[in-house]
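You will see two complexes here that share chain A, one where it goes with chain B and one where it goes with chain C.
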Partner chain A sequence: MEEEDELPLLTAVSSSARQLYLLLRCINFAEKAHVQINDGGLQFSVDEASVMEGSAFLSKDLFTTYTFRAPAPSQREINDSDDEDAPLEPDLPTFQISLPALLETLQIFGLTDPSTSKPHWARDAPASTATGGAFTNNVLGMNNMCRIAYASPGSPLSIVLTEASIRTTCNLTTYEPTFANEIPFDRQALAFKTIMRGTWLYDAVAELSSTSPEKLTLWARTRARKPYFALSSSGTLGSARVEFNNTPVTRAPPPTNNAGTVDAGAPQVNLLETFQLSDPTTPFRASYKFSLIQRAARTMSVATKVSVRVDEQGVLSLQFMIEVEPGKVSFVDFRFVPLVEDDEDVEETQFLGGEEESDESVMEDEDEL
Partner chain B sequence: MMVVLNFTLTPEAAAKVHDLLVCLGKFSDTVAIEARRERFIFTALNSSKSAYAALTLDGKQFFSSYECVPSHGGPDGRFTCSMYTKALLSVFKGRLYDPLGRDGAIDRCEVSVQDREDETQCRFIVKMVCNQGVIKTYKLTYEAVDVMHALFDRNVARNRWSMNAGVMKEYIEFFGTKTEMLDIFAGEDGRAVFKSYTEKIANGKEILKHPLVTAVAVNTSDFEEFNVQPGCHIIISVKDFKAIVIHADTMKTSLKAFYSHPTRPLQFSYGCDGLLCEFTLMTSGDYNGATALPTPAPAAQVSRGASLAASAATSDARENRSMRPPVEPPSRRPPRRQVGSRQAALPNRPPQDPESLFVNEDEEEDTQWEPADYNNEEEALGWDASADRNAGNFPTFQDSGSFSRPDGVQSNTDSMEGIAPTQRVSQVKGLW
Partner chain C sequence: MRFKAQIHNIQTFTKLTASLNSLGPLAWLKLSDEQVCFTIIPEQGTQVWAVLSIDTIFDTYAVQSAANNVINLEVPLGPLNRALKSALNATSAQMRLTKKDSIPLLALTISTTSSNNSYSAFPAGANRDDNAIFDDHFGGNRETIITQEVPIRVLAPDVVSGLHEPQTREPDVHIVLPPLMQLKSISDRFTKLAMAGARAGSGTATTRTRLEMAANMHGCLKMSLKTDAMSISSVWTDLVNPELDPSQVANGDIGIVEHPSTRMKLLGSADGQSDEGWASVSIDGKDWGKVMSVGRLGGRVIACFCHEHALILYVYLPTDSGEDESVLTYYISSYSA
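Coming up: the complex of A and B.
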């Protein structure tokens, strides 16, 4: 028992600080992040005024070694003793840390970028750039060791970065966790779910930002038996809407169309991979604060896929799958509390749904019934 | 009665709209749109009213489909409105056309106008149909305005040159970044000199602006056409010139210049594939071109009175006074007065034009061109801010279609491909 106490709770070694940096940067919108260590990895979560929260999970797959010595079920009172599962689980270490400081730390090696310090013949062969894209170490020049250690509750999070002959040790102060309630999201009662490419969502949000809107509205319905998902917003200069249809409107797509896309070869690329509406007969609509959604924009731009889910309460969950290197994926989650709809919005509903095409589809939907 | 305006653009054409909006954005925060049955025109007038741009998109050639039925005015009717350049640019982004069909590239662009009396919202609707089933729809607000056109008489503009825009773009890269004016000088040695400069401005001992001159000499043989009276100096704004050359270069075409003499408007023209761009710029400079001018501020050393007198005697008499300010919408003042104030604009009027937009010829002390007398209501012109499009919708000077086009009097017979004037001289005459 005592021996074990001397060993740190966590030792994790990563060969790429850059990967950790890229994932944590996705949730960089608050000063402090909650960190929870468990067998599977490190969970970082941040929250904004309890209306938005984001979390990034650094899975142990990202590390070359990951040793977590779960403390024995704690003798002290478990806070949430009313939870019946709690006594069975070990007391997982949880603390707060300054996220900007951590990101700063992980970036330290940018200063001695090997791609510039080494002569070009000594650098790693650039062959992997073709396969790895923007996330390979060679491209980023971050091929170095990063060791994360957390000795015991209350001790600082120690990060040791090693590159060639330089070793940097940073001890980041850890803070007591504040038990903010996480935004409840009921996976069992989903009103709407779709999966699409992250860049499409990114493009749509970027497009809508040109109207400098206050709110973003999601629309979903089954239109002529085909999934239909749209984002819309309006501002002083007008309104904008980006819609995704699974039936490409392109009558005769030029032959070059699919050449550059990832999904080349698929018979007909579906924009929306999964599409579920709890009640397909009524159009789904929910609004969120645009500025909050925009905070997830950076994540959208790097994500391979995003799962958009809204539960019956209107809480929006955006789960991003990020490919840190080929074949290795990580997840970053966001949750948003919806805006309460005013009655005035009805006008907008008509406005958006009042076009000929929509009318047709409404009719077809009725036929279906 | 409602306006019908629907058109479709190919990705290539939409990318050209982006390019032209970028160019117009360098002149004005707002662009005016004038849609007629056969063509669609973007116009912009800069804030000092010294530069006017009209970019005409041919209904048949530029668009993949084009339909415009104005609510009134018959065959000569038009639909006009004004929008923020920025708003249009956020819709007509760059990279709309991508041969590889990557994200952001569009399959086609459909535009329509929702302008009905029974609609609470009038919108300019742009629908970008992207590959793979993504559709982006923008409903932009617009302001109902009247669109005015500056007239330019190419018959009078005897000085002409034409040069490949790509070549010209190489020259403008030499211009000092902080220079303001551009003197285009036709030398007598077979060379043309493009001199960009900033005049020194000092307030007592404090130098507010340092003088800076960059001159690029070009052999006239490098021009496709160079037919300019030797010794002629003409001065325009560098910023305008750069914006025009850069845009002309995106179209891989030749830039043509037409001008008569300093203080009279100059026109740049270029175009291809159903897009014709015309920029009418005010000029300054020394009318007595023969006088050698050593430094910037060429006009400063010459007696303004003398040069103007010469100007009036030699050419004003046969000049059409073609470049004149667009009339102000009637909401600003009664048309009666407006007519009176424009008398000098008539071709058969005495040469001195006290109301000329571009130069106040009676003003002796100010040798630089003065854009406009803003204190003078008569002189100032502006966009019609009123949304009242029914009452007095088309002001006195506009085409109503009821006047037949006069031959002879019409000044722009030379520029057939150009935009027909909005104000007809005969119509003007008939009114007083």
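Coming up: the complex of A and C.
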């Protein structure tokens, strides 16, 4: 034991603090983040009132060196898998740190970056920073070294950033984890699953947010073997709906009684990569608090793909695939607890009634073609 | 009492007043035959004693008074800065001391070459020099004279006779600072971090951010901050510790041998890892940020650290002639540990 204590539990070196920053920024909605270290990487998770969870996984692929010395082999066997979904092992190092402090530290050299002297339009476009345009620091090799170390349980998480002749050391106080249960999500019993581009989901949510709604409802069903997926929002100012159709649509369906309809995406492309419904015969719907979904908006805007899954309990899982640099993907996960529906009947008739009508008319047109 | 001068470097003068204004609203301006002095002594925070050679900002310069041709004025920096800003495009600007309804004023007469309407069809953003050339070619220019009046107070010699530059002991460490804008960007991050840490902390939030600045005689500068949630420090290495000039030190060569910095040279290391040999001061983060705003003047800065006592910054402004440099001296006193 004593010999082990001399070697730090974790040493990880990254050549780009910016990549780590971009990923961790996605879950920047809480003061404290839980950190769990395992063989595959570092898992950062935040939680909001136990109804929303976000987690970013800094896989060891993001680091040039990643050395994790599992503590006390006597306690239990360490999970060896690289899967970021590996169940939480109780004896893996887990602690809390201040997330805003970590984020500020990671961009400590941001202001002296030559890239920030560029005009505003040439930087920080959400799409280009994540994937890395031709003139980002990653490509130009201007990135700064970042070393993360965690010596032993109870010691601070230390981050060392080096740029030219400046070295910044930050020791983040580690706090005892608050044993909040993570939101249970049963991926064996999925009610609905679809995969689409992150930016499309972002556009849809951004579009809906204009009426500052309280509630976001997901709709999904299969009609004539064609998938149909819609997001609708409702609030005091009214309601709106964004539909995703896989089949080519020649024109937008006529607006329903009280819903403004927005046609999303180019008609030629299949908007939904995967589409699964556990019960294709009945339409699927589930509602969530809009303001919580919006917390994931920044992630949506930088993600290449998003997998939208809902289990039988109605828990929504949004899994985002983010390309930090070409060929290197990372994942950020969000989970949301559904809203309990009380005025179900009223809305069901309103929505499905109107929608059925418009849908039918489109279908008929297509059948004739 | 007469004062009249042609402003020769409006850019520098504007930047100077802007950065001085961040430290205090009023400045004591002392005009004499040899130099122009700006002094700011705020209630608390950093004092600035700026001594400028006349040619740093003025061209033709005339000062006359009954008291050895010295004029002491109390100038509001905000209005002065605003007046100078309107002179940024000027072809010439003149400053003189005058009186209107028995209120003393600094009158700034600015002549600009404005253009007629046909000219405005050209895309904006073109270089100002280009504009001037265009104007000459197209004959579309028209001279405008703007007069800005800044009310001031004339200070009697006995009012200012009690004001003295702070006396400090010989510094333990003197070092050339890295570019101030770089230093400022990092110290601003630190201040932000302190606030993030304060929010996370359980009610023990302090409104003041205490930055710890330290330097050694081996080219290292350290800036650090501690909050409940974290501690952070940045270390610069490979900076320069200028050699002392024996002619400027009391007792010459013997003085240098006995100088505190000579003793400090024996301690510490060039990689900044050692705990020894640091002279450190504890200063207010926000105040430091304001001091750093002088960085936009782009001068060379030497910092003198008196351990746990004070930090003195000498900002040398670049001059055209290269002779008698203008220097701004900042006195930042340390919080007691």
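What to note about this one:
Throughout what follows, the second predicted complex is superposed on the first by the 279 of 369 C-alpha atoms of A that agree within 3 Å, B and C clash if a C-alpha of one lies under 4 Å from a C-alpha of the other, contacts with A are read in each partner's own complex, and residues count from 1 in each chain.
The rule we apply is simple: contacts are C-beta pairs under 8 Å (C-beta built on N, C-alpha and C of every residue); 3 or more make two chains touch, one makes a residue touch a chain.
What you see is a predicted model; the values in this text were computed from it and never measured.
In the superposed model, A:Thr199 makes contact with chain B only, not with chain C. By the touch criterion stated above, A:Ala70 is placed in contact with neither chain B nor chain C. Of the two partner chains placed by the overlay, only chain B lies in contact with A:Leu237; chain C stays clear of it.
More chain A residues lie in contact with B than with the other chain of the pair chain B and chain C. When the two complexes are overlaid on their common chain A, residue A:Glu207 makes contact with chain B while staying clear of chain C. In the overlay built on the shared chain, the residue A:Ala224 is in contact with neither chain B nor chain C. When both complexes are overlaid on chain A, the residue A:Leu271 reaches chain B alone and has no touch with chain C. Touching chain A in their complex are the following residues of chain C: 178, 182, 185-186, 188-189, 192-193, 196-197, 199-200, 227-238, 272. Per the touch definition, chain A reaches chain B in the complex via residues 199-200, 203-204, 207, 210-211, 234, 236-250, 253-254, 256-261, 269, 271, 351. Within the complex formed with chain C, the chain A residues making contact are 31-32, 97-98, 100-101, 104-105, 107-109, 111-112, 156, 165-173. Residues 84, 86-87, 90-91, 99-104, 107, 121, 123-124, 129, 131-141 of chain B touch chain A in their complex.
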